[in-house]
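Okay, here's the structure, questions in a sec.
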Amino acid sequence: MKYLFPDISNQLSNALGSIPFFMPEIYITVLFVLVIVTDLLFGKTSARLCRTIACAGMVVVIFKDLQQFEQILSGGHFLFGSMLLLHRTAIVFKLVIDLLSFILLLYFAWDHRLKAHKKGLSDLYTIVVGSVLGLHLMIMAVNLLSIYLAIEFVSLASYLLVAYRSENAFSTEAGLKYVLFGAASSAVMLYGISLLYGFGGTLDLFSGHMAERLAQVNTISVSFAIVLVLAGIGFKLSFVPVHFWVPDVYEGAATPVTAYLSTLPKIAAFALLVNFVTPFVFYDHWKGFDFRLVLSAIGILTMIAGNFAAVLQSNVKRMLAYSGIGHTGFALMALVTFTPQGLSALTYYLLMYGLANIAALALANYFENAEGITDVRDYKGLGFKYPLASVCFVVVLISLTGLPVSAGFTGKLFVFSAVYSVYQQNHDVWLLALLITGALTTVVSLFYYIKVPLNLFLKRTELIVSENKWSYNLVILSTVIAIALIVFGIFPDLLIKYM
Amino acid sequence: MSKALPYQDIQTIYFAIAAVVLPFAAFVINFLFLGKSKLSGWVSTLAILVSSVLAAIIFTRVWNVQQIHVKQIWFRIGDSYLYTGILLNNLSVLMLGLVSVIALPVHIYSTAYMKDDAGYSRYFQYLSFFCFSMLALVVMDNLILLYAFWELVGFSSYLLIGFWFDRANAVQANKKAFIINRIGDIGLLTAIIILFNQYQTFDIERLFKEGGLIASSTIKNGLWISADIQTPVIWQYIACIGIFLGVAAKSAQFPLHTWLPDAMEGPTSVSALIHAATMVAAGVFLLGRVYPLFNPAELTTLAVIGCFTAFMAATIALTQNDLKRILAYSTISQLGYMVMAMGIGAYATSLFHLVTHAFFKCLLFLSAGIVIHQIKHIKEDNNLDIDPQDIANMGGLRKKLPLTFIATLIGGLALIGLPLTSGYLSKEGILITTYEWAQGKGDMMLLVPLFAFFTSCLTAFYVARMLLKVFFGDLNLQFLNPEIKIHIGDGGWRYKAPLVFLALCSLFPFFSFNPFLHEETWLLYGFSAYNSKSVFDIMHIAIPVLVNGASLLIIYYAYMIYMKRSTIVLPQSGLLYRLSFNEWYIDRFYNRVVVKFVLVLSDMAFWFDRKVIDGFVNLLEKIGVFTAGIASWFDRYIVDGILHLSAVIVQAIGGFARRFQNGKVQYYLFSMLLAVIVVFILKILIWN
Amino acid sequence: MNILTLLIFTPVLFGLIILLLPSSIRASFKYIALLATLLQLGFSIWMYLNFKTGAAYAGINHEEQFQFVQKLPWISLDLGGAGKMQIEYFVGIDGISVTLLVMTSLVLVIAAIASWEITSNLKGFFALFLLLDMAVVGVFCALDFFLFYTFYELMLLPLYFLIGMWGGARREYAAIKFFLYTLFGSVFMLLVMVGLYLSVKDPVTGNHTFNMVQMMNPKNYIDGSVFSILSHQTILGMPARTVGFVVLFIAFAIKVPVVPLHTWLPDAHVEAPTPVSIILAGILLKIGGYGIIRICSGIFPDVAYSGAYWLGLLGVISILYGAFNALAQRDLKRMIAYSSVSHMGFVLLGIASQTAEGISGAVLQMVSHGFLSTMLFFLVGVIYNRVHDRDIYNFRGLGTLMPKYTVYVMVAFFASLGLPGFSAFVAEAFSLAGAFKSHNVNGLLPYWMAVCGSVGILLSAAYFLWTLQRMFFGTVSLKGGDIWKIALTDINWRETLALLPLALIALVLGVMPSLVLGKINDSVLALVQFTQTVFHR
Amino acid sequence: MSIVQVLFYFMGLITLASALTVAISKNLVRSIFMFFITLFALAVLYVLALADFVAVTQIVIYVGGILVLILFAFMLSGKEALAAAQLQSNRFISLSNLPALLLALLFLVVMINVIFKADVSNLQWIKEANGVKNVIGSNESMINNIGINLMTRYLLPFEAISVLLMVALVGAAHLSRREGTRI
Amino acid sequence: MITLADFMIVSAVLFCTGMFIIVSKKNSIQILIGVELMLNAAILNLVAFGKYDRINNSGQMFALFAIVLAAATTAVALAIILNVYKQYKTIDPDKIKQLKD
């Protein structure tokens, strides 16, 4: 115990010194407390107020995020004794997360079914705001403990969100599947972490000892540990072969929750994966586990599995779920470059994916609200009944497919060029395979994305006699996103230069 | 204009341009302004009249005097320039004059002949357009423009054959004519491209003049060598074959002759102008233009084919009952003579025959037109169901149509080649030259003059048969239905004047003052450069005497058969008869084999397109769906795939797979864990 | 304001106006669209008249020789170690593009006139139509590969909807087939484009660039980059440049279309409404040919040279195969669609020859086919509008019923089958002449290809004449009886207005091919010289 | 063999045996109680690994919290669940369990391999730790140490987990409460 | 002396037992127990290695956090399971399969 004393003041000053760099997270915590207090004070009627506070708070948080850019001009910062690493990419990721969660917080109440939930939505806001803290931690985590904690944090919040509509059978079923699958994979991951800790003797990924020590241990053993950890991270990323839960859960959850699940944890998990692989990939004497090879193979498999499986779907949410798997694979392609260029392409791509996916689900939600349909085959002829929403849907899907002029295309272009420039240097055949698969699956993705405009516009209307339950908010939201996607498609440097 | 020319030459050129363009102007005026007017006939006639006057002036200025060639840049492609220009030499002015002079009476005749037709104006549009194309064809100085007008001639012929486009036969016929002509066109185009490739120019003068590019190129060691290009000699042959295809198609040589008889579906005046006198001669004209290209062996082939065509067509003509068809086959036969003459080197004689043939064949057709017209009158007056062209229905028209009879008689005699007619001069010339040519070339080659001679006899027979059946005896129609009314006559001056004019031109004085010696024809002197020099010997007397004697005998024989109907009866069912009557089955062969083949081929291509290529795409699609199926199957049944490997637990899988059905979270967990461990194991295995 | 920019974006402006106008005045939309296209035609004619010729304006691989150039920085990104990404809004034209642009503008006017037949959902139709208009015009002007690709892809979606929403019975199938086919080509084109971009450096700024003109200069390639000429890189064991060429070629060959990548075309044509068929046949196919000339052989001349035999072979196969298929059709539109395959085969054959004659012939053929196919499809549209049937066997003797219409049909048919006096003749003849010449000039194509190509001309006569005979001649006999007889009125003034200029242009170009050739000669010569000297030997 | 080692093997055996019983047992209640034993045995193992505080936490949280929670949930899910639990197949090695068993065995083989390949006793960092005496002595209590670390080095996780627990609380409460009622 | 390998083997067997449970048992609560076993296996590892990390105390700290997190997860999971029971009247995950392809 005594040997710790000299270090205490050091540690404390470190912790205190970290606080200025931790302002956004502190604000989120405060926001969390505010929302929870509002929830408690105002009871059932508090949903609206909670939402207002949460949204306003997110704006402040975004503002705080922006301020952080000045703090890291001189380079990255380790916080709280190397628990977290704050660097430029992390801030960008946090901004993406906060922006998307702001949109999502707005969006939750616009789903008629979720709104009709008898127990009110205020708890939902509490959970979401709490989860944003987890997401922030996930983005910055560079310590096995903080990684595990952040993942569990986000998972826990996600379980709750999925199962939120407790009176709905689908929702609870999805929750059950999600929680069982999630708990199991987190156990697997924890085991992997324990092995890593055992072999490396430290939890700190960036301490320099970790990679060095692991490099000296038998590669098979280390690989096993890493594979287990990757399985846990993959659970959040939903890549093959840990993607099984995705379609069921996405379909079962309330649509805004699906939007949440398909974007935020995934994006944050990418940041986490980047942090996780960095020490190993950039350790010169690293041998054994070839991250590029494994992640490339996973990426290829994921693209193929996600896109091909989506072709068979007719439920819009399920289709988008599979397509989300495909997009994960594509984003992995950017990741395996392990270059700054690849990283900026990755963030750009993920932001555009997030926006487009939220908009797509919002529009699916819109049709669900208006006509009570979830199957794409029921969209027949609705394009003429809801022209604006349908046009937005088309734009959003174009962006998801990656056709010009849309942000999805520029994202794809950046990813391709990042991968290509690496390929040009090392002629790694896996990168080439990734490129080809990426191109090929783009065509495949059209097979299912095209179903939506096909049904909306090309199929003749079977006169649907039903009143229009307009939900303007969703249309406005998706229109704004659609316009943004087009603008960023034409002028990507408005954005990419900050990535 | 490229270089300074004397004023008179420039004027000549302008005359030539005017002569060519006037019919076109008539066409445009008729097309745009005279849609329904009867005036259109006279506009066209006027145009062709002026053209023929101009052609005559040009003829006097150029014939045996000089050669005028002017050219101007048309366009540039890459770094080669294309010129357009006019080449006036003996050949072109002869053709220019011939075409316009023949066209003039036909125009006049047509104004009367077509006066009741609804498409009167359209007819003259087409006719003027044809004259324009034909006149342009003969004066063009380069191959590509020659080809262009060559095809336009075919096109206008297409229009005219299908003039009555609501008649199914006419439409069939014009399609056939155009497509067969197209075969020739393709050959010609290929040949032109080969020549262009070889010599880098389309200019006829540069290519074919004495000491021109063709003359200075050689064939050595299997290579065709010109100034800067060497190509395998096969391409020289192909060029010749291509040109021959063009010639064969236009001039109806075997095997591309089948369109011509069918082309008689057009108005008879059209047949007279186009399918007897001018257009079909274009092939021979082309041969004249590119003559230096051919080497002796190729010329011999040409001669053989020409001879065969002449013979074949003559045999077919023997048994035909359709008046125009008989004439059509006779045309083919005579064209065969011309080609044969070209082949044996009797360049001038061939052209001479072209000219004489143009006149008398035109005459014959116009007369036939009157006959048919009158029979049609009878038919319409009496509501008979007959074919007005069938000579079986005719007879004894000698008295009813005296002028027509005389005209036909002159034409017929010229066709047979009896003395005092122009036909005698040219035909004897050909026969004599053929004989001389064949001497010393071996026995096989003697067959050529022999067949030519035999063909001549056949000609005498079918002409006699035609004349007798149409004009002698009694009108068969009246014989069959005695009560019919008949009011027919030669018609007005617009019928008569052309006949008279053409009949005069079919007599000897127009060409030579010596009715028996073709050597003295003025026309031949225009082409002395090419004509084979022949020594005047006994054969020059013997052959005409022999041929004419035979012809007279045969005419008598025919008279005995068809007039007396007593002595000899021809077999109507023999093999030869059927062969002849069915036109040697060539057309049927084409229909049954070639056309079928193409259609089947196209159906196959379409089938291939739908089944194989599209099928391949569909297969890819299926593969796509299948792969998608695999992916989802992989999702669901990943266990199966891997566990099947171990046969020990095959039984277990069934139950297990049943338990782990869709939507079961434990199944997912199992899959995930298994995948993780299997991937790991595989990775380790690959690693080491 | 740059004239090209104006040309490209005028239609979008009008499209926006149409979108903003209330649907109550939908009757005026077609006039607005027509006005837009007419304005565009005016611009392009002005450009044509002011286009300077001469070796100093040849274009191709000299940036300073392009005309009406506008070059603005568009996307410029600092990518750290990988240099800067330089994407420009770079438009400009040389001889090859200017003729195609004029053709395009005119065809678009005709298409706008043909749009009169559209009755449903006018706002959407014209908005998409004008968007498509912008894209196709943009493709011909773009000199930045990225810009080119953007316009190229931008065509897909409007076309998908235009075919899919206003098309015939099997429109969904046709639309999807079209979309997938072309997307398949273009996605891989994207990969090659990125590869090129990373291989090429702008000598002035030192950045990677998408500038197509820079891509043609071998000196601009970075040593050791994938597509560098000197370093002979391989992709999956194949020479990288060959792979790049093949991928690009496939993308464009789908557009052209080259057998066996053509099967989308008959379906798309048959199902598309008339204006869209016109744009498809008149313009889109040319984009394929243009791409092959400008991009495939411009950027990969060495591969185009070594692979010319196969290109020529594909061209010959397309000519014959398309012709045979056309012969087998009984749907008039389908027949014309297959005839397009056959006619575009000449373009490929001409390009493959790499001779001045061949390439000029190919460009001329593209221009000529642009007008002629427009005319043909318009004519089919006329009859289809009247009785909603296109089956050749269901008509007979239309010549009697619709004489003026028949005249136009005959003009179009005979022009298409290469009758001298019409533009197609000169084009086809010189494509073939070029193909024939190539053996002696550069030894690329064997003689027999030209000979086989000429057989295609023969076959085209067969199917066109057969159709004429079957449909237009003979006694009147219609499947629909008297109802059809009444419905089949002769063409009206609006249709005449569309057809007459086309017929005249086909004629004028046939008599004065210099109208096109005069503009393209310098560019073609520069291209030929460039491909023969720059990259090999 | 020291007494500690004997104890370790004994407790290890108990842990594994009870865990296997959990796996095999057809009776849900029995398996829950066997789980209880497993947790206790594990706590002893923790103590043997010189982690006294962890052992205590294990007993308090797991046994006192989680296990009770599970029992409650089990009770709440009623008789049907109990009956369903009874109906499970009687044999441990039934065909339907075979794949699961094989999977587990496969993992076991791989893991044993991994453990022996890694040669954990001779890991470099452990040697270093032995060298600098960075090893917990068998007579040391770690409670103070943990306390200090929790407030310094592990301050962030410590604070973060409080938010996490709050979220879990709010969420779990939301899920479990009846519709229309507040806590 | 107890070697690290001993601990690890115990933990490995425990882990595999847990894994067997989660894929074979037909009761959500039992699956949860399986997960807990797996977690405990990991914790055992952490604790065993934590012995050699006196200063940072990482292993034991991690173990503590893991236990707490496990508790939280279990609570949430049980809440969900109870909801499922309300809806489906069963907690056999095999029978809860309305969501599927």
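We call the chains A, B, C, D and E, going by the order they appear; numbering starts again at 1 in every chain.
The working rule: a contact is a pair of C-beta atoms (placed from the backbone, for glycine too) under 8 Å apart; a residue touches a chain by one contact, two chains touch by 3 or more.
Since the model is a prediction, treat every value here as computed from it, not as a measurement.
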Chain D and chain E share contacts with A, B
Ordered by label, the neighbours common to chain A and chain B are C, D, E
In terms of CA centroids, furthest away from chain C sits chain D
Most central chain, judged by mean Cα position vs. mean of all protein Cα atoms, is C
The chain whose C-alpha centroid lies farthest from that of chain A is chain B
Whole-Å distance, C-alpha centre of chain A to that of chain E, is 25
In whole angstrom, the CA-centroid distance of chain B from chain E equals 95
Chain C to chain E, mean C-alpha position gap in Å, rounds to 65
In whole angstrom, the CA-centroid distance of chain A from chain D equals 30
Listed in rising order, chain A residues that touch 2 or more other chains are 4, 7, 145, 149, 152, 156, 159-160, 163, 166, 176-177, 180, 184, 188, 195, 198, 201-202, 220, 224, 248, 312, 447
In chain B, the residues touching two or more other chains are 632, 635, 659, 663, 665-666, 669-670, 673, 680
Touching at least 2 other chains, the residues of chain E are 4, 8, 15, 18-19, 22-24, 31-32, 34, 43, 48, 52-56, 59, 61, 65, 69, 72-73, 76, 79-81, 83, 93, 96-101
So the touching chain pairs work out to A-B, A-C, A-D, A-E, B-C, B-D, B-E, D-E
Interface with chain D, chain E side, in the complex: residues 1-10, 12-21, 23-27, 29-30, 32-34, 36-37, 40, 43-44, 47-48, 50-57, 59-61, 63-65, 67-76, 78-83, 85, 89-92
Residue positions on chain D within touch of chain B in the complex are 95-96, 98-100, 102-103, 106-107, 110
The answer for chain E against chain B in the complex is residues 19, 22-24, 31, 93-94, 96-101
Per the touch rule above, chain E residues touching chain A in the complex are 4, 8, 11, 15, 18, 22, 28, 31-32, 34-35, 38-39, 41-43, 45-46, 48-49, 52-56, 58-59, 61-62, 65-66, 69, 72-73, 76-77, 79-81, 83-84, 86-88, 93, 96-101
The residues of chain C that touch chain A in their complex are 74-82, 85, 121, 146, 149-150, 153-154, 156-157, 160-161, 164-165, 171-172, 175-176, 179-180, 183-184, 187-188, 190-191, 194-195, 197-199, 224-226, 233, 235-236
